[in-house]
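In what follows, chain A forms one complex with chain B and a second complex with chain C.
Let's look at the complex of A and B:
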């Protein structure tokens, strides 16, 4: 199949999905009525209106800031921890089951603990988002570092590379595709964690707006915010997925050409 | 036990011990974290005295319903999508982006539609868990080795026989790991929903204790939930390992 056709299909599918989702939404609205699901067009225009309002922006900024800080901690800390755990075999073996267990528990039960430790507000949200995102980053990085082909390292030693050169020319290219997959999952989970943190005991942010909208039975706002967050998540994920596939394809070509 | 296993046990025991000492000596105030021994005592007290059984029943029944719906439904949908290439092409970009969406942002909407009660929780948890099962079923069926299917054709197996005796057993490891995820996600969905907004259930009880500064009870319940979920996950994990070993994998 030619490249051109592939890229055409790559564009066609998401557009079709988006159109069918909007159609489904419209159908749901026809069935359930205005009190449960508002129609797509009014909801989107409401969203547009909301974004223009000055009282909406501080909430958006609060959520965005919390998310970015959590993301920085999850990515930086996760890669660092993963490299350490992957580089030292015994430490990795000790830590891995603990991390996997931590990954599959409902971390929301730990949110009150985090609230007690950090107090209500931004730091608690950041900590909770980072807690969600850091584990997959650590797990993926650890596996990537563990699975570096020993032959590459031996070749590096034969060429008398300095540690810095070994890191830059061998370790980084060898581990990058795997680590990036971890970062992509970490991104989604950090967003989930930050949102969860805002839905419970928060005074600012998009999650707070969602919770106040329940009390007011303001379906339009609930849907508008949910759509805004989902659109952001899906668009970013698509971009990350494209980079991810590109990296993996490069890696596959490398290893098949050896 | 392996060396790593021993070290892990020692590390965990030491961590709990250090927390106990820090709490007893007042390095960590009781308004933040209570000592582990106090948590356990409070847990025993909680389990004996009040209506915790009712909340536990609510939570577990919602989890059980969501779990069965997502496992059975996810398996069937995954199977159909794998069987019909047209549907698969249509849905796969949607499935690939599915777990990027923070589902809990839709919980308020579910409450508005279904009212406060077990229904929005079950829907939330099923939506959260089912797609993991769909993806795992599809991945498993994709990876059935061609040679097995050819062998099945040589033996003139009927379609049902081929599915039952060749495709499903060959896909079992992937399907099992999807099942494991569906179990964990059902718990996460229900408890997180209860925690955010609900009128009963363990998650709600934890949030309620937090709101009332009842730290002892809150930590006892957190410990309880983590213990239940971890036990359940471990049981599924052990079961999966035994199944895989029996297959000689």
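Let's look at the complex of A and C:
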């Protein structure tokens, strides 16, 4: 019963977002006309057609692979770096302002450098995606490790836990909620970075299709791809947010349910 | 060397009711950037008798918590030795010692049930025994209606009960409590005190309680150690002589106030000294 309610609540927000976006879309179409914004219904059926075509799949796979690799680097590298920086006070204090400064740089200005370093194609996209996603993961993980309640560790020692038990049964669950918040933000930014990377100087992928469609003034395809990516981002983010809330349940002082 | 060890063994055998012993213990924190060396504790000696309820009172900053850390094996003494049940305590909490902290140490990611079972599950006790002990501790601490709740849904007093239950399931023979009721309101403190007495009687464990509340120390204890300002040493050890089956109604007895007065007469000067240390440090 309560589980059903919970999943309903988790799905309510993305459904509301989807409905309002479609409504807004329809209004825009009425104002701007077919040459700028095609109507929702024909665009969606166009998307359905596109997905059915065999020549579409390689592009989808290219983007998916680039994104997954970038995500793996951002998550794995970010958590690892964050744990190291959070565990060592001085290193963390030196690194934090540098990371915050890097975070605020519009990274698109570095894309030419990335292209020169990695060449055209997959590696550049992966690097650019990871570059976007990794910093919030590092910052959140670093703070999570740094702010672990020392009393928990003392309690672990008082209960005669081995270092491995302390790590797995105290450190991991104590830091997980905050690290996961970092992963959630890292996810969105990695997607952004990967897509940006594909828009320029690429030969395959959804970003490439998008740029080609812009060149051909194929409004229907532009919007179809935008819908596909947005749907993926919104749905995944909603799922991550639901997990995030679940992990933070212990920290929420005002949680009322039992 | 060998003869010294033999002597110690004979000593322990001749006094079998000594449960834990601090002998000439000091704790000095080495100087760190911007801080001078701090001599926090001792030299201090104490024999804890098996099954007694011993409280430690003293001015703030006198090293009470350091004393507990050293006795628990959570901190290593700079000099002197700590023994529990005849064995040296060396930088590790010995089996049979349970610690309850001043801060809320309940794990927010676990339910009350899982919190209470936490230490047991890590210790290799079989599932049926875990269930039996957890059921008992949950019932004993009055947590039966909250088994599936998370700590964030409980009051401070209830969370401290969870921490006590979590220690209780490990069946400690020596229970160390570091101002466990420090953050609780006065009424809750009194009730928790009664529960602590009940726990002490029924487990027949030795209890060492750190507190800053003189009435609490008086009510709960067989003996009370009064500590000086830093570096903390015992300036008096008061035997209360209260019956074993006491509770908070003890405070109504006419001779109750006399013990508290005696504690305060020792502590007043020390507290002023500690205050002086504080202002001197601030002036520097």
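We adopt the following convention: the second predicted complex is superposed on the first by the 234 of 258 C-alpha atoms of A that agree within 3 Å, B and C clash if a C-alpha of one lies under 4 Å from a C-alpha of the other, contacts with A are read in each partner's own complex, and residues count from 1 in each chain.
Here is the rule we use: a contact is a pair of C-beta atoms (placed from the backbone, for glycine too) under 8 Å apart; a residue touches a chain by one contact, two chains touch by 3 or more.
Because the structure is predicted, anything quoted here is derived from the model rather than measured.
Once chain A of one complex is fitted onto chain A of the other, the partner contacts of A:122 are absent, as it touches neither chain B nor chain C.
Contacts of A:44 after superposition: neither chain B nor chain C is touched. One of chain B and chain C touches more residues of chain A, and that partner is B. In the superposition on chain A, contact of A:152 is made with chain C only, not with chain B.
In the superposition on chain A, contact of A:169 is made with chain C only, not with chain B. When both complexes are overlaid on chain A, the residue A:249 reaches chain C alone and has no touch with chain B. Residue contacts after overlaying the shared chain place A:109 against chain B, while chain C stays out of touching range. Judged by the document's definition of touching, no chain A residue lies at the interface with chain B and also at the interface with chain C. Considering their complex, residues 2-4, 7-8, 11-12, 31-33, 89-90, 92-94, 96-97, 99-109, 111-113, 184, 187-188, 191-192, 195-197, 203, 206-207, 209-210, 215, 218-219, 221-222, 225-226, 229-230, 233 of chain B touch chain A. Contacts from chain A toward chain B in the complex involve residues 13-14, 16-17, 20-21, 32, 35-37, 90, 93-94, 97-98, 101, 104-113, 115-117, 185, 187-188, 191-192, 195-196, 199-201, 206-207, 210-211, 213-214, 217, 219, 222-223, 225-226, 229-230, 233-234, 236-238, 241. Against chain C, the residues of chain A that register as touching in their complex are 149, 151-152, 154-155, 157-161, 165, 169-170, 173-174, 176-177, 247, 249-253, 255-256, 258. The touching residues of chain C, when paired with chain A in their complex, are 72, 74, 92-93, 95, 97-99, 101, 103-105, 107-110, 118-119, 122-123, 148-153, 163, 166-167, 170.
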